[in-house]
Structures are given as structure tokens and as C-alpha cells.
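Per-chain residue numbering starts at 1, and chain names A, B, C and D are given in the order in which the chains are listed.
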Amino acid sequence: MADIKVAAYICKGCGLGERLDTDTLVKIAQKDGKVQLAKSHDFLCNADGVAMIKNDIANEGVTHIMIGACSRRAKTEAFFFPENAVARANLREGVIWIRPDTEEARETTQDMAEDYVRMGCAEVKAMTAPGGNPNTGSSKTLLVVGGGVTGMTAAIEASKTGYQVVLVEKTGTLGGWAGKLYKRMPVHEPYKTPVDPGVADLVSQVMGDSNIKLYLNATVAKTDGAPGRFVVEIATESGATHTEDIGAIVQASGFTLYDMNKLPELGGGKSTNVVDQAGLEALALEAAGKDGVIRRPSDGQPVKSVVFVQCAGQCDPTGKHLAYCSGFCCNTSIKQAMYFKDANPSIDTTVIYTDLRTPGNGEDFYRSAQEKGVVFTKGKVAEVVPSGATSTVKFHDLILDDTNAAMLDVDLVVLATGQVPNSGVDIFAAPAAEGEVEVKPISILNLNYRQGSDVPQLKQGFTDSHFICFPYETRRTGIYTAGPVRRPMDMVQAREDATGAALKAIQALENAELGRAAHPRSGDLSFPKVRLEGCTQCKRCTVECPFGAIDEDEKRFPLFNESRCRRCGTCMGACPVRVISFENYSVNTVGAQIKAVDIPDEFSEKPRILILACENDAYPALDMAGMNRNEYSAFVRIIPIRCLGSVNTIWVTDALNAGYDGVMMMGCKSGDEYQCHFVKGSELGRVRMSKIDDTLKTLNLESERVRDLEVAITDIKRVPEMINKYAEELVAIGPSPFKGF
Amino acid sequence: MSANTAMADKYRNNFLKEIEEQVEMGDWVKMCMQCGVCSGSCPTNFQSAWEHPPQELFMMIRAGKREEVLTTTSMWNCTSCYNCIVRCPRKLPITHIMHGIAEYAHRLGVAPKMQPTRFFSGLFWKNATKTGRVNELKLSMGLYFKDGLVQGIKNGMAMQAVALGLVKAKRLNVMELFGGHKCKDQKGIQSMLKKAYEIERSRKAARMAG
Amino acid sequence: MAKHEYAFYPGCSSQKGASASNYLTSVESMCKTLDVKLTEIPDWNCCGASIGYAEAGELPRHVLNARNFALSEQNLPGQEMVATCAACWLGARETRERLTHSDTLMADTREALKEAGLTINEMPEIRHMVEVLIEDLGFEEMAKHVVRPLEGVKIAGYVGCQTNRPFGVAGESFENPVYLDKMVEMVGAQSIPEYDMKVTCCGGALAFSEPEKAQAQIKDIVESAYDHGAEMIVTPCPLCQANVEIYQGQVNKTYGTKFNIPVLYYSQLMVVAYGGSAKDAALNGQVIKARRLEEIAAKPVKR
Amino acid sequence: MTEHVATNETILVVGGGISGMTAALEAAETGKNVVLVEKTPALGGRTSQMYRYFPKLCHPVCGLEINLRRLKNNPRVRVVTLAEVSGIEGDVGNYTATIKVRPRYVNENCTACGDCGRAVETSVDDPFNYNLGQHKAAYLPNAMAYPQRYVLDPAIIGTADADRAKAACKYNAIDLDMKEETIQIKAGAVVWATGWKPYDAAKIQPYGYDRFENVITSVEFERLADIHGPTGGKILRPSDGKEAKNIAFIQCAGSRDENHLRHCSRICCMASLKQTHYVREAYPTDGKSTIYYIDIRAIDRFEDFYQKVQADPAVTFIKSKVAKITEDAQGNPVCHGVNTEGYKRYTTPHDLVVLAVGMEPSVKGINIPGHIVADSSGFIEADPANGAVFGAGCATNALDVNRAVQSATAAALRAIQVVNKVAKSEA
């Protein structure tokens, strides 16, 4: 390690000076922390205090800084030293604000502060300022997969921003679903009448754009590499494959209408006069090409009555069909009903729905349809019975509570069947059971990743993302999904989504070149380093990485693709031989803190509890508990961690061996509704820790000595309560037998 | 063939169209989104339920339930309080539609025969237009005696206290039975109204033809 | 030359010996004090009222009102039409709205009017007396004339339907209009803003045809007034006044209640507060005597 | 966050809610300089006042924490709080925005130690809690507030309280002489992300929001459920502090109504479905929710959330627009109406009524500097006439958070396209 100079600064402001013996803290930093320079300051975060630190960096050659003041979440502008390794000992939110200001509490409070100073010094010494990722790529070309409205929009917007685009479309024409439409819902006021889909315009923009390289009748045969340096093989109809260097990828593979043949009870597949929404668009286009009269497929007679059946095979709680609502179909049926009414008001058009869903200005569109005489009936369609050239639609009229309601002699029935995402292979799907025939969907990206060929999916085949706050963050860095493959959506949203995805892709390739991490640790220059000599090829890191960043080289050793890495540290937590580390976060930076704590002997009646707290939720919750002066035990020592997934069991065993009486782990909610910003981190951490009991047995320790807790950022009351309760329980269990060894 | 069957025949199975063309404000019926705020706002619906509240009538019209709609007593319970109108999120003039459907049912002669409000409504109009001004006494008497002499006397007795109070307070004048208030130009009023009916009839016929 | 002049449309119920004759009397005295000149529209006719709908149809109803417009325009050019009856005001105003928004309807109306030798060029504005008081005079002006405040009298302001919906008095809410409460306070009495039946329908014309339905409404209206400690009820509408007042006896029979609360017009309160006699206020016109008000009316005027 | 100089390669983002923060951060993390202007004293906006998000029931402040950390680590974003854009001059690639900055009376020395808050005696309504509660006139806007810096309410300036605050501050962070100032910011493109405001429930007269204490809005209900809220997360009703266990949720309070908002606000149904979980959470055994609705708009992936709530026996769905609310002797709001599914009349008392109020764009009524094309509801429409002023989030449409973030990210790219052109032309 290059020669480092560590300086510790203890702040006396915000009551620290009054509540703590800061002179002792300075001595502790020197004596136990072994820092070369230790100072205290009345008001460290003000201009003068910061100037002092800057001066020490400039003139004293200080490289490592330990700040004993407020939480690492506070005063970030003041204590901003990007060139240096910095650790913060949280003496304010973490000590004086959570302890009573009483004589009897004074000693334990001081103990706490002293330990945090020791820990801070130990941590910073184990850190180095990140040097940056050496294996960056510099390709500035985007790959867009899918030539529908979403894909074309992404391509056009990226080009407008000044980037090269490779656009791959599996069919012979651009346009996708939208290309098959007669008209679309209006996008500007007035929201009254269907308008031209505007696809032709998009197509000509793509065609005329020199930045966009178009492959038709082509698919992605292989995707290799990482953001900034993807190598993509594109297979074309002719059999020839082309190789492209790609910086980032937008997957806009769109959707397929749910197959109406799965709905025989609604007449699906039983009669040519029962069509899905695509079928109706085709009839409308055909009519537009002739006399404008939409005709009955079976015998070409003009349609005089049409019924639209909403939620056909959707919103189905039984699990037989789609569980979700596709969102766009109500407006689509309204639009299609207008095809008839605008052409000939005397055509009877009825929409049968359970909940009509026309958000935003769609409400105007709904009103307009009513004005045009489209009849809306709240009902559940039980059966569509085709006979001869017409059909009978049997339904339960929910308003008139008529279970035997029926529409007779209906010329045409349109089933609104909804969207099924084309998201490729579900790489984490359970293998087909015995006898069950497995129809594997075709891969979209053919990723040459250790973890599989496509972007992981969440529920119902839609690609996984941190659904609410960070919708674009898939589990494959530099690959962004957009359009109905991400969630059901209409054209307006798809275009918006495509534009956003284009930005994320551009951002990814720009940052990949600079070696900067992508969301959520955006800009982090650290990256995992591995001591291959120590590696046992157990493959846990390659299996567990939530982002599929790690492959295996030909010698079966883990092969890190740094620019795929999101810096969560899950690999580090998974590694049984502890050969993986980050410059600013490692088994050592945490381990050193654990060891730095001064463990009183068993007679002192001062138990010690180690808390490993997720820095995204648990740690802020503890901070805010402090801001609210919600007190908790002085026996805890808290270490923020990047993610529960990064917790290496060695920390726990080391702590217990060192005589800690208990360990609490605080991570985010896992499972389908996960709240972990690294998607699977907390889940993987939990799985790992569920096995800790065996370790405890070998040490013959009670299983109560380790506790795994789900903590949310709002638990500012609950967490202190849990801590205090646990502290009491440990007293009952008695001190750890390992004390004083 | 009765006016009713003529119309039913004319509009075959499109009752909604019939209502739109033949009923005052009928073309608003299609705009209802079945929120039910009208039904919930109606005082008489809450005192003693309507057979079919407004929003349900609108749905029945769309469902082509002609017979049930035209023969129900429901619309006749309207007190013209206008609560439904001011609360309707689609701004349907519900009060007027109710009156309109009632008037249409009455015109076709299918409205419930002895529905008291139907009777009173007609009575009121005749009373008012006969002389140009309402004669409250004749109006009340007319109403009491609608079910014949005996019932009329009963009704009269029942209302005696009320009537007496009004007489004492000089707010009911027995002399009204003989003559009473009236407009000078009654002839003008009569022919004016006659003309109005002609025009309205021809308009509705035209709509049906067109 | 009076401060304010209007073409007056009293309506059938306000005629001599009719159910709202006391309303008319009190309005006349009120207007004298406020220097408002009302000139009755010669040979005015019935508005048709909403209840006439079964026979009326659309055009005849409007033509009937249009005749009054024509007469007003012809005989009292430039003057706005003022109605004291809520139903007359509403019927007339509705017609005016429809005619303004439909040229066909207007054309048809003109054609029919010809038969009576009348025509419309400019339809007059249709105002309710309450609007005139609030908008043209204002509370301040009205208050000026109070010489005998109705101190300590607690009065429920019963607005009812037709002065309130669908048009209403400008700036008032359909659910909780406050102008009557303001008037009550203006005459020095105590208002009951929380009176929750203030816009409940009195049953309107159903009071005649289906009394039990109307009386169920009336019961709620009166009961709530009692619950809120009201000594009397005030209203701007003849039908409300009649329904709520004269059926209390029958309501008592049906529901075993002991209702006997006076129901007055705002104009009657004002006349008394303005120093007028019981006669000026036509208190003798009450079926349920407003004793308390009569006592006050007997008191000397503070000057 | 630092004080970089704005040029016409800078992107100005107006509004510091989740849309504005997203646009700002996405642009900054793509290497652009951004000035982020926020009207209130702290970033976070409307979502930071919510207790949980649908459909995951996670906490908005969790995402806010991440966004704030991104911001703290990113020198490219300059944040200006208590600031409103009063005018925008110039054209695509070369705008100058005039920004009014209201005084905070607290400077960067503030450590958020809280001494001034303890010293001050006056309390004022707390807008963060929709005025359901009060806070001291020297206050930290909320627990997650960024900048983490106290604010003095103008009401106490010139009073003894202001002097108390100043005297209490050991770090001379309080500057009572601060005045409103007007600054000018150059920008090549502008992202307009001023979000939405809840529709004024008092205008929905039949529901008596202005007359009945126990009729509240959906946004207020969020504060009741939130641990940081006025009741510390207990669902107690305003009139008497009684536990509100039987709660009515009324949909389309303002939305889909030509007397109020013509558009559907999209989120309200989901918000109410989500809030039934709050009732369950607070009163697991005897909490009851009733949802009065016209159509439940649980669009796309939210449908299964709807199905889960439907399966909850403690939740009842009634297809009905409540006609009116009255109050009974016990102060219970009583809903009157008709269930239109089969015509059933009801008169039902509840402990508390929550109006799912509609979304009104904040831009409505106020005149956005530089003529923006808006629809009749006041939402900004995508239109070439807007030049390089791009709407984002709920300023453009009634959107849920997920869609707002989408929209903001897209707007960021549109802005980047403009400043990239500027950069090219200047290179």
C-alpha cells in the first residue's frame, strides 16, 4: 500500500463538546487509531474548519481523513473531498442524540463515541481512494432491438442527441403493432376523433437518418461484453452475420396480443366474425382501401351491429389467463367503435366492460364516443355464441342486475385480449416438470452471460426493474428495456418510455468509458478486485451477482466485467475465501471496524451488540431516530453496509469470536415486492445468513446471538425499540463466552 | 293503431333513438356514465324508493326496455328540486329528462292511468292555461274529486283543517269557485298555445322522418 | 323617481286571496321603505310551473313565459323583470336560457306569439326579488333601514330548491347557501348557519298529489328547525312557505309530533324590522301565527 | 451540489419533486450542468409527503434517500430552494430565466442542531403536513429535508422570537437581514416539472369538506398514516382524536366531473386501494374500508393489487358516486347514495371520510413564463411552440410515479439534445 497519512478531526459543535470529552477522543484517535494527525475543532463544518482540513491535505500531505462529527448523511457539501479516502464517525446522530443527557449515561455515551472514533480510524486506514476501472470500452453506438414505435423512437432520439444507432428488426418492415393500425387515439386536444397513427412519418425519419444503421429481417445472434464494449452479432435472413461494436442497448421487443383461441367460450377461433383488436384494425384498413364500409368476414355483408368485449382473457384472478390489465384496450375499443359510428351513426356499437379505464384525457375520448352514440354497458360477458353469420353475446348486466342479458344477431364481436410482452427467455424460470412439454421462448438478446441469455423478468413476464422510483434499472447494466416489454402501455407512453431509455443507454455508455458506476451508486469509481490466487472456483460470486456481471474464463475462474458491476458487494459477501474487495469497501474495511471496538469483559455488565445496517434504509432510519431523539442502547456499535448482500459471514463469526454478545443485521424487504436497490441483494444476504446457525453451533453459541431484521427507512421508532428489546434479551441470555480471549 | 304501438313500430328495437328524438332533452340519455349521483340525490327516492331511479332508467333505455320505462310511476315522483342536475358530473339535465319521459309516456297514453301526480300535472296545466292564471281552489277541488264524488268529499274533509286555516288567513278565497283571477287576452293565449302545439308536433314528426 | 324600477311579475300565488297574498303585501311595504318601484306587467300569465310538464310539452311552456317577456318589453321597455315567486322566476329564467341558446326554439316561439299579436326583440333579464335585494341594493343598504332589530329571535333560514338550483343566487353554493342567514342577521335576529335542512326539498307539487311523500320531507325540515332551537322559519319561496306551514297539523297527525312553528317570508321580517306594523307585514296572513314577531311589531320604533 | 456558473449549455430544471430531481440527476449523470429550482425550502415534492407507494407499499423517502445521495455526490447539480421562476427570456439554446429567491433567514453555517427551533416560541401551520399540525416558526422542513438547513417563518421576522432564534444559534447561521433577491440564470433548455396540486376539496360542496372536520383528502390521509405526520402515524380523526376504524374512500372527488376536473386523475383509485392497507396496518382486527367508485382504474400491472384488495374481507366496494355527506350527532360523516349495481340505496355513517381528490397541474391558472401550450385541463402539451421548454411529470399529465419518472427522463434527453447542439455550434 502506498504511504498514507491519516488525519482525524473531532468536532465540538452541536453539543458534542458539552456531551463528550473530546480531548480524550483526540487522544484515542492518536493512541488507538494510530493516526498521524489528530485535531479537534469548535465548528468543523464551517469555512474555517473545512479550510483547516484542506490545508492539512495540501501542506501536511494528508491522504486519509477521519471526521468525528455528524452522520455521513449530513454536511456532505462541507466534507466533500473526492480525492481522498474519507470515513465519518457518527458522534451526533449516532451517539449524543440517541442518548439521554444525564450523569449516569455519560460514561456509556463516551464509550460509544470512543469506539466510533476507533472504528472510523480503522476503516479509513483500510481504504484507498478508488483508482478507477481499467477495462472500460469506448463504443458510443447504441443498439436498439425492435423496429416498432418504441424502437424507432429510441433510435431517432438517440440520433438527435448525436449518437450512432444500430436498429435491428426481425420482420421485413418497420412499424410493429402500430404499423398495422388504421388510426390511433388523438395525442392532442380535442380528444374526440381517431387520427393517423403517424408511423409512416417515423419510418421515413429512420430511413432518412444517416446515424441509424438498419437491419431488417434480422435478429441478435449473440451479445458479448459489457457497457461501452459490447460485441453484438446480428444474423440476417440471408444467413450472413454482421458484428457491431456497441456501447449500450435498448430492448424494445414489444408485445404480442393474447391469443384469442384460448377463449373459445368467447367465440375465439369459433367464427370468423369474432376477431381480436388486431383483426378489427385489419378489417378497418381493408374497408378504408375500398368503400369505407367495414364488412362481416364470413360473408362480406356490411356490419350493422358490433359488440366489444373488454378484458377478454385479462384481469383474470383465476390464473387461467392474464392476471393484469393491459391499460390501452379500453381506449382502443372506444377508438374502434368510432370507426363504425364515424362512418355510419346507425350502426349499433356496444362496449361491454366491468371497469372502463380511460385515464387522463382519455375521459374526453370516452365522452366523445358517448356523444357519437356508442353504448357502454357495465357487464361481465359469459359467453359468445356464433351461429350462422351472427353471434349472440350473453352477459350479466351489472347495472340492471340481469344475469341473462343478451345481445342478439350481432354481426361482429371484437375481443380486447391485451398485451403479452416479448421479453425473451425467463432465465430464472423453474425447469419444466416431468412430462410437461417445455416451450422455450426465443431469446431476444442471446447474451453470452454466465447467468443466461436475456434480461431477468419480474412478474408476468415483464422485465425486472426497480419498478416505481427507478423504472429503467434492469438487472443487466447498460441494457434498458422500453415499451410494452417493460409494462403494458399505449403508444404515447411507449414513445415517452423509448426516449427515456435512450437517455439511460447514452448515460450508460458515457459512464462506462469513464469507469463510473451506474445507478444506484452512480459515479462510484471503485470496482471489485479479486485475488485469483486465493480463489477456489466455488462460483458463488458468478451465480449470485444480481446483475450478472461476472462470467467465468476458460480456466473456470470468475471473470469480472467491471462496467456491468453496480458495486453492491454481493460477490464480496458471497466469497467464502474473501478474495473479492473494493478499494473503498472491503471485508477489511468492515472487519477492521469490528476489531477496533473495545470489548469490555464479562463482569463489566456492558454487553456489545454489532449492527450491520443497510446504508440505503436502515442507516437513515437510525439517523432520523437520532434527529427525533428516540433513544436506544449505548451498547450497540453500528456499521453501515452497502447492502445486506455484501455481508460476509466472516464479519459475524469474527464479531462473536471477539466477544460481541450479539449481532443484528438490518436489511431491506426482499421477495416479489423487494425494496432492495440492488434487487436481489438483501434476499441473497438473508439466504446466506439463514445458514449461520450451523456456524453458531460449532462455536456452541445460542442462535439468538444473531438476528436478521427487515428494516424500512420509516422505522425511526421501531428500530430503537427492537434494539432495546434485543439488548434486554441478551442480558437474559448472558454474556458471550468469548469475552476476554 | 294506437300512438304507442305506432311509435314502437316506427322505432323497432331502438328505444334509445326514440327517446332521443321524441323526448325533451332525450338526446342526453346516452351521456350517462352510471355513477348514480342522481339517484342518490333524489329526495323522494330516499323517502320512498322510486321503482327505477334516473340513472337506472337511462340504462334501461339503452337496454331497450321500452315497456317498463314508459309505464313506470318513477318519473312522476320528481319534485323538480334540481339536486340531480347540479350534481351530475356529466351535466345531464336530469330533471327535464324525467319530465320529458313522463310527458312522452303521457302523450302515448301508456303512463299509469291514475297516477296522482300525472293527473294533477295535467289538471294544473289545464287550470293555468284556461284563463292564463291558476285558480288554486278549483285546482285543489279538481284533484280531490279525481276519484269520484265520494272520495272527493273524503279528501276534502281530510284537507278541511288546512283549507280552513288558509281561508282564515285570507289565503284561500271561496269566491274563486265562481270566476276568480284570469287574464284579459284569454283568446290570444289559447290560439298562441294551439300554434305552439302544432309546431312542436310537426317538429317531432320531422325528426322521426329524418 | 324611485332608486330602482322593475317590471313586476307577481305570479298566480301572490294574487289577492291566493296562497301567497301575504307575501305580496309584505313585499310591497318592503319596497316602499327601500324605494324600489315595482310596476306589474299588464295581463301577465302563469309561468306554467315545472309541475305542468305532463301536458305542457316544451314549446308551449316556453311560449307561455315568452308572452310575459313580450308584454314586459312592450309595456315596460328597458326594465328588468322581477319575480317574487321562486317557481315563476325559475320557469321564466329557464325559458330565457333555452331561447337564448336555440335559434329554432326562438323562431318557433316568435311564430306562436304572433297568434297573440305579440313579439320579442330583446328578452328582459329575469331576476328574483332576493337577487335584486342582494345584488342591486346590497346588505349594507338593506341594513340602513332597520329601526326595530328582531333581537334575540332565532330563525332557521330555509332556502329550499328553486331560488337555489339549478341557477341560484350568484356566489352561493347549492348545498349551503348563506344569503338567508345573512338576511336574518341583517334584521338583527339570530341565524342558524348549521341548519342542515336549508336546501331540502319541501316536496313541491307532490304536496297536492302525493301528500304523504311531501309531508315526509316537511317533517324533516321542521324537525331540524326545532332541533336547532329555531323559533320560526324564513323562506324566499311561496310553495316552500305554504307546504312547510300549512301541513304541520297533518304531519303531527301522521308522526305524532307537536309542530307549530311559524313560517315567514324574508320580506315580512324586513318589514317588521323596518318599523312596519303587523298589518304592513301581513302577519295576519300566517296560518300559524308568528306571535313573537307580532309582539315586536307592536313595540315602538327606536329612532 | 456546488455553485457552478450557468451558461447556455446549462439545463434549468424547474421543480424539485421526483420528476424534477430525476430530470436533473439523469442529465447531470450524463455530464450536463444543471440548475434545479425548487419553490419550497426542501427538495422531495409531493411524493415525499406520501407514506407508502403503490403497488409495492414501499416508502417514497427510500427512493428520495437514493436520489439525495446521487445529488450530494454530484457537483454538476446546483440546487436553489425557496425560488420561483418569474420569467424566461430568449429562445432555444439561449434562455435567461429570472428567478425570485425568498429569504430563508438561515445561511449555510446551519448544522441543523435545532437550537433555534427550541428557542423560538411561536408555532405556525406545517404545510408539509397539509396544515394538519403545526411546527415551530424556526424549523427543519422535514426529517429528510435537503438542504438539511433550518428555515425561519417570515411571520416572526422583526419579533422577539427572531432575536431568540438568532441568540440561540452558536454558529451565526441566522441572518435576519436576508431579503428576497432576484437572480438570472442562463440556460440552453428548460425542463418544467412543477408537478400537481390536490384539487380544492371545498369546491365539492355536497361532500362538506369545508363543513365537516372528519371529511379529509387523500393527501391529508397520507400524513395521518406517516410516522413523521401530525399523529405520529396513528389514524385518528380530526374532530375528536378518536381512532378512525371505519373509513370511507370516495373516488373521483373532483375528477371525471364537468363541474370540477374534466380529466381522470389516474392515481386516485390506486391511492385509495393502497390506503385500505394503511387501515389494515393500523387496525388489523377491526379496521374497515369502504370504497365508493364509478370505475376502479387499476391500470396495467396494478390490477393484481386491486385483486388482492378485493380479496380482503375488510374492504367493501360500492359502485356509486356518493351523492352527499351529512354529519350525525356523534360527528360521524354519513354517506348518502345509491349503489348502482342492482340499485341499492344506502345511508352509511363512517368514522372518517377520505376524498380521493383529483390531480390539478400546478401550472394551471399561473402563467408559465414563455407561453407554454397547455390543454384545457392545464397540462403542458408536447408542442414545437414550446421551443426548448419541456414539460415533465405531472405538469404534463395525470401520472403515477413510475410514469412521471419515465416522463422526466425523456424530458432530460430532449434538453440534452438542445445543449449538445449548442455545444457543437460553439466547439
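Everything that follows uses one rule, which is that contacts are C-beta pairs under 8 Å (C-beta built on N, C-alpha and C of every residue); 3 or more make two chains touch, one makes a residue touch a chain.
Note that the structure is predicted; figures quoted are calculated from it, not measured.
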| item | value |
| --- | --- |
| Shortest chain-hopping distance from chain A out to chain C | 2 |
| B-C or B-D, whichever has more C-beta pairs in contact | B-C |
| By mean Cα position, the chain sitting nearest the middle | D |
| Longest centre-to-centre distance from chain B, chain (CA-based) | A |
| Between chain B and chain C, centroid-to-centroid distance (C-alpha), Å | 23 |
| Interchain centroid distance [CA atoms averaged], chain B/chain D, Å | 50 |
| Chain centre separation (chain A, chain B; CA means) in Å | 63 |
| Gap in Å, rounded to a whole number, between the CA centres of chain D and chain C | 47 |
| Chain D, residues touching no fewer than two other chains | 206, 256, 319, 324, 340, 343 |
| Contacts with 2+ other chains: residues of chain A | 356, 378, 399-400 |
| Overlap residues in chain B, where contacts from two or more other chains coincide | 33-34, 55-56, 83, 86-87, 90 |
| Interchain contacts, given as pairs of chains that touch | A-B, A-D, B-C, B-D, C-D |
| Residues on chain C engaged by chain D in the complex (per definition of touch) | 173-176, 196 |
| Chain D-touching residues of chain A, taken from the complex the two chains share | 13-15, 43, 45-46, 70, 74-77, 157, 160-162, 187-189, 314-315, 317, 323-327, 353, 355-364, 378, 398-401, 459-460, 462, 467-472, 487-489, 493, 496-497, 499-500, 502-504, 506-507, 510-511, 519-520, 522-523, 616-617, 620, 624, 627-628, 668-669, 673, 675, 677, 712-717 |
| Sites on chain D touched by chain A in the complex | 1-2, 18, 25-26, 29-31, 51, 53, 55-63, 65-67, 69-70, 72-74, 108-109, 111-113, 143-144, 148, 170-171, 226-228, 232-233, 256, 262-266, 295-304, 307, 319, 340-343, 375-377, 379, 381-383, 397-398, 401-403, 405-410, 412-414, 416-417, 420, 424 |
| Chain A-facing residues of chain B, complex | 14, 16, 30-31, 33-34, 55-56, 59-60, 62-63, 65, 90 |
| Sites on chain A touched by chain B in the complex | 348, 356, 366-367, 370-371, 373, 375-378, 397, 399-400, 402, 405 |
